[in-house]
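Accompanying notes for the structure given below.
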């Protein structure tokens, strides 16, 4: 009965507004299968919650991710 | 001074867009009272955060919840 | 299929090392019942995780909770 | 490689809809610097996620925060 | 730069005290690969945190998991 | 009334078993002050929870952190 929380930035997908429903379904299936394979966890009670986080709310390297990426390509 | 996080799917309520403000107030009061009764925790410093999660972002049984429910009623 | 996370300080209980198994069972039942009553959520798929946090790892009022309590009773 | 999650109510900022991008950048920089100073953590792998929570989804003192504030000023 | 949190009950493994280091490494690799495949996320900045939760701190079906399992096999 | 969760690996400190109580107090004070300065949040209701995570439970770059560090210094 595991609980998995996946946080990703809200970007990409068909129109740039975040992962598509199909991509999210793949994440849900993939991580549920992984827990069944590695730890023999029951998929029936494995819960997955995906959070999509606005770019300006995600920080890495002491910068919001949009600023961080500008630094990286300098 | 407990901290409680309640995650529910964003559905139901008056117009299908999620729990009403009144229902959320009931959850906040209910869980705060529970912690006061069971563990004698002070309601004044009990914090409750409710997250409403889009149906396509919630997985159970290796499926997004909307697909899961279709399977269940077959 | 809600998910609830309850964080409390690791104290109290029979020997001061945190809530007893019975108290935790009461929290699990209480919050699951609450979600069934208020939002008609199915107890069968309601998941509750309780985290017990060491006193020195919990801060309030800019102080670790043990220091905070000393200030309060001055 | 710390992970920090900051949850605040969605209010304030230029037009009352929550912290500005600039304020969020200050939070990201501030907490990343703090972890570097206190624990010598590498800013390059310090991740910060800010969640903005609707007022009716945040509870304190057994009340949603808007109700709580009305009580406080009585 | 995703962040993934996996919560499982603290059981199983070589001596019943929870997943082995090898099993945890498989989870970390598996979920990181999944995010690279599905969303093209960079493994270098994908963070995974595994929480092992004591059985009496995990509730499902309004019961601590140990009680829940006894009910299931009746 | 913000809520902040800081997750760090359980290492360092006086005897290698994680941050000292003094270091944790610095983190609590530092992040509470930051939220007061940037967003004018009230320290009295700012809650901070620090989680110390075992090295084998923390993944980065598709590897547990101990393996990751060995790769980095090759």
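Letters A, B, C, D, E and F mark the chains as written, and numbering starts fresh at 1 in each.
Keep this in mind: a residue touches a chain if its C-beta (ideal position, glycine included) is under 8 Å from a C-beta of that chain, and two chains touch if they have at least 3 such contacts.
Please read all numbers here as calculations on a predicted model, not as lab measurements.
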{"item": "Shared chain contacts [chain A and chain F, defined touch]", "value": "B, C, D, E"}
{"item": "Steps needed, at fewest, to go from chain A to chain E via touching chains", "value": "1"}
{"item": "Selected pair, out of A-E, B-F or C-F, that shares over half of its residue contact pairs with A-B", "value": "C-F"}
{"item": "Per Cα centroids, the chain farthest from chain F", "value": "B"}
{"item": "Chain at maximum distance from chain A, centres defined as averaged CA atoms", "value": "C"}
{"item": "Type of chain A:chain D copy interface by residue overlap (half), same or different", "value": "different"}
{"item": "Centroid distance [mean C-alpha coordinates] between chain F and chain D, Å", "value": "16"}
{"item": "Whole-Å gap between the CA centroids of chain C and chain D", "value": "22"}
{"item": "Multi-partner residues of chain A (each touching 2 or more other chains)", "value": "1, 3, 7, 27, 45, 47, 49, 58, 60"}
{"item": "Contact pairs between chains, per stated definition", "value": "A-B, A-C, A-D, A-E, B-C, B-D, B-F, C-E, C-F, D-E, D-F, E-F"}
{"item": "Parts of chain F lying in touch with chain D, wherever the complex brings them together", "value": "1-9, 12, 19, 23, 26-27, 30-31, 34-35, 37-41, 45, 58, 60, 65"}
{"item": "Interfacial residue positions of chain F with respect to chain E in the complex", "value": "7, 53, 56-64, 67"}
{"item": "In the complex with chain E, residue positions of chain D that touch it", "value": "1, 3, 45, 47, 49"}
{"item": "Of chain B, residues touching chain D in the complex", "value": "21, 24-25, 27-29, 32-33, 43-52"}
